[in-house]
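First chain written, first letter: the chains are A, B, C and D, and each begins at residue 1.
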């Protein structure tokens, strides 16, 4: 057991999986000598050398495209895209190929690939360094989409993603990298991909969040408890796709009310599928429409205005009160 | 007035807008001498020459990237991406730039760009030639996403898109190109982008569809009328984003039941936002969960199996009956 | 100090051994075993004849749109012949002849173009990627395979095919640049057939050759007469040996011509003249190779019939394939089917039981890998 | 017929006029008016001094992460100087000196890096694109602008800036290929500063020069000493004249060096040696240009103070900017705000009235255009 922040926890997962399996390698821009711009791959090149920790040229499509080739051969590349805002450069390789080779080759090939990306805002960064693009990946059949919310589950989910025989897009919230430290067991552990977790039991309202927004949801829940005597059940989604509808429906069947909070723009965002799925599964228990608290439908407004765009606890509390009063 | 199929109707819109405005030009793969692989740009190069009807090299990102530059200069490029399945090659130019230059330059620049793409299945085509990707564009702030359902509205919406000062992604369903002919007025006309149309009034159930699925919705409505004596209100969405929630909510407030049908995979698809938005606006009128009939969450299964994947009238009817019986 | 031309000046070679008139440059003639020369010719002929047969099958609506190879047989066989079974072959969508050489059964090729994914399944031991439709996107996969081979210390080589149009795509550039930096065992074979659908090479790029694009990546590039199977073989063998010896990647430009339609949905008369086509028909790769083999007395009697019989048998096996079971669409999505997909599968099974829907060929006319011509036209 | 080297052999030139020791190749010395030489030096100095000031502002948390230009002043001024106001300038994210020359006010530059989009707004008549962050994605925009200029029969030229790392991106390749085919008036200026964050040029590409990549597109490419403002100017002038005369695009590789951090979030000691940096400090573009101007008696007294005063005034104007009004985020999304966005705007206005939320700088440490170092480190 050691107390680690998310950067160190992710680094530990990489280190242990590379020790465990010689087929695991790391590739991306500045992941080698520099250790990654967020230091998630720190020192791996010292331990494993530049053939296994590859400082690639500056080209996202080729990072993913060549990694797909490696994966088809049987290796397990863990790719880093420096910021999720630059992953659209390789979006065609992900959609055309990473997600499809198993189907296209009818099982002769599969693509055990992990694509790590820092995402999310609130860190005073510029355009393309502050967005949340999970929705784009969640809608691609053949992919899995994972977003941890803290050091321990980040380490366990990354380990699971690396061992997963199918391609996993793995989002890491920049704001969480150095936010909190957690006890992380020395021996490697995994968390099942595709399972959400109820991180707080409650009776009146289900709050659904993931990644950087989990903190916001917890904060809001505390305020609601303290000021309104309302108990919230908080679901940490952890996996966006495939979506754990069972856990969501079970919770809302109990509480009768739900609120989703995410950093992505509201329209056609992940909250829509979550709301629609809950309606499908718990319609008769619903006492209010499922609320969505999300960023506005605007391009990133610059970090001087970000505060008014990314959901905060106050917004969640206000929306929750409306839902509870409905 | 002339009876035109959708190909000819789109061609007419391009011809008339190019005659009207010397800044309008056409660019894409095979759009010139060949007239486009679906012949939508047929003969335009003869009339306007190769500087205004540009046979570009084979590179989608540069087609969009250079068109953005032309648009910043003040021209109005109408780009053709040969198939929507190849538009992920230029997705970064669309998301990073086409959708953002107005915001980034705080109004100093804007991007009057139209990106036309054939989309959709049921035409015995291969992978990447049969998918429906509207969701990916609908979630990008700063873009508009339009899908006509017939020759006349295709012509009117394309004309509106070309005159629109902001970037419009324009989907054309392959199955509609030669499906039906319609009277199309000689003088150019426009349809407002952002407005859905109630194409059939009904009392019991609202069917929501667009593009190639509108036929399917109509077929289903007829069966339901004939066999169940149920009257469906049919909404032709026409614009996916910005979504016309008002029309949707008004209809469902009346019928109390709704069913969305689309060709895109179900999960995190456009039906989710439509369902969630209707729940927001018409919760108390809802007598059943909003049904979604969509493709399965699988990569394109090959056209020999497509029939079992793309929604057909039978599936819509079956789902409608469940909704009505809820 | 002032204006100094950088040495060495860059250079690209053109290689031709057996010209259209059948003249041979004996000094460059490769020493190929008689049996192999025969096998190569047979494979070229098989490609040519199957191509013709597939066009008929498509017209009959028994398969969908496909991309014929007529005219490119030498580019494909001269190169693919240099591979071992343990090497990797990465095709685009116009390598029927090369794929047959690599062991793809005729019926699988037909199934693929009939919309059955089964047609894209390589044999368990086969080191071939399936047909790749998005232009140039397969090129980085080849570089990744080559990296993996090097990583595993295996001496396998990767050969990847693409067209002249493909060289305009970003993926081509990024992949060759990675290959140059990584110095991996990959051979880039560009079948420059002069056209990308309706776009001629001069509208595709302003560079004089495709081969010179190699200079941008610091790797060797060579241009060969792509209709001269001996020249293609010689260039490919050099490149494969270089790769296997650990001396890095090579770009080979095969100057050839697409004698037929781009795909069966295409109408070349819209964009190119019959004179141009006739011009290139005189350079037919089979004609000159036949002349060469005849001089060597290596032409077997009845080869055509033999090849046609093989094709007929393949077509028969294709025709015998059962209608596709729609439920199979859920078989190869993930290693394990997630709960929601199990539900979707169950619902489809239910509908099939009720006979609500099922596998049947829709009425629409058979269209396109690249588009369909208006029925009206 | 056999192996024929294709003529002409390709060639790339290296141009240098004023070397690090201040030696001048008089035969190549451009004839620039004294006043212009002074203005160029002043602009280089302004760039250098503002850079230093911005690093301090960033450390104080008054602006966010930014990309310093120290060492690249000659590459930027030697090239941008050749443009007319009616020409277009397309920057990446490391052209502060060139942008100031083009008329961007200091306070706007600062506002941009303080997270205000207002900092990215060009003046109504200004033919400059805003800073572009996704590497290489601005290059096709420049080609499109050039196409439009040609289309409108205007004689304006487009100059676009990017780095060595940018040449690995697909967008670079596609854009140069289009420019070659279209023969449009664009000048591609690559500031090869040897590093892409921590990745050295030799890991970026295996080609000996960046300039030779022009051969892939059939356009001229030249390599210049990017720390020699006279050489950069000479190459840029040739390229701009060529473009304006309708003779097409040019790729200029400026061989220079990033003397500072990649961005203020970067720690270069992790990946490069102090010796290497010291080596390049001896080639400082300002030092040699100062020597040149001193010989010509063109160095004005008190220039530094003057420049610092200008910077101080700009910083003061920046500091005087009011806090950002969050509602302005809805001002420039579409020409007309759609109904749903009106609603979202109204809801935000409501929250602001209730004081529920508002514009304040969050507590987080100031991070990155390219990442942030762990606070723990």
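What we mean here is this: contacts are C-beta pairs under 8 Å (C-beta built on N, C-alpha and C of every residue); 3 or more make two chains touch, one makes a residue touch a chain.
Bear in mind that the values here come from a model prediction, so they are computed numbers and not experimental data.
S.K.: Give the chain pair, either A-C or B-C, that is connected by more C-beta contacts.
M.R.: If we tally the C-beta pairs in contact for B-C and A-C, the bigger total goes to B-C.
S.K.: Computing the C-alpha centre of each chain, which chain sits at the greatest distance from chain B?
M.R.: D
S.K.: Which whole number of Å gives the spacing of the CA centres of chain A and chain B?
M.R.: 30
S.K.: Compute the distance, rounded to whole Å, between the mean C-alpha positions of chain A and chain D.
M.R.: One centre to the other, that is 34 Å.
S.K.: Whole-Å distance, chain A centre to chain C centre, using C-alpha means?
M.R.: 39
S.K.: Chain C: which residues touch two or more other chains?
M.R.: 117, 134, 168-171, 174, 177, 181, 203-205, 333, 340-341
S.K.: Return the residues of chain A touching two or more other chains; collapse runs of consecutive numbers into ranges.
M.R.: 56-57, 59, 61-62, 85-86, 89, 92, 96, 103-104, 127-128, 141-142, 242-243, 267, 296-299, 301
S.K.: Over in the complex, which chain B residues touch chain A? Could you list them?
M.R.: Against chain A, the touching part of chain B is residues 85-86, 88-89, 91-92, 95-96, 99-100, 103-104, 127-128, 135-136, 138-139, 141-142, 241-243, 264-265, 267-273, 275-277, 279-280, 283, 286, 288-290, 292, 296-299, 301, 326.
S.K.: Could you please specify the touching residues of chain D with respect to chain B in the complex?
M.R.: 117-118, 120-124, 126, 129-130, 134, 137, 139-149, 151-152, 170-171, 174-175, 177-178, 181, 331-335, 338-341
S.K.: Mind listing the chain A positions that touch chain D in their complex?
M.R.: 5, 7, 29-30, 32-39, 55-59, 61-62, 82, 85-86, 89, 118, 122-129, 174-175, 177-178, 266-267, 296-299, 301-309, 312, 314-315, 318
S.K.: Residues of chain D touching chain C in their complex?
M.R.: Spelled out, the residues of chain D in touch with chain C are 1-6, 9-17, 19, 23, 25, 27-28, 168-174, 177, 180-181, 183, 203-209, 212-213, 215-219, 223.
S.K.: Considering only the defined contacts, which chain C positions touch chain B in the complex?
M.R.: These residues of chain C touch chain B: 64-65, 113-117, 133-136, 165-166, 168-171, 196-199, 203-205, 265-266, 270-271, 323-330, 333, 340-341, 344-345, 348, 351-352, 356-362, 364, 366-377.
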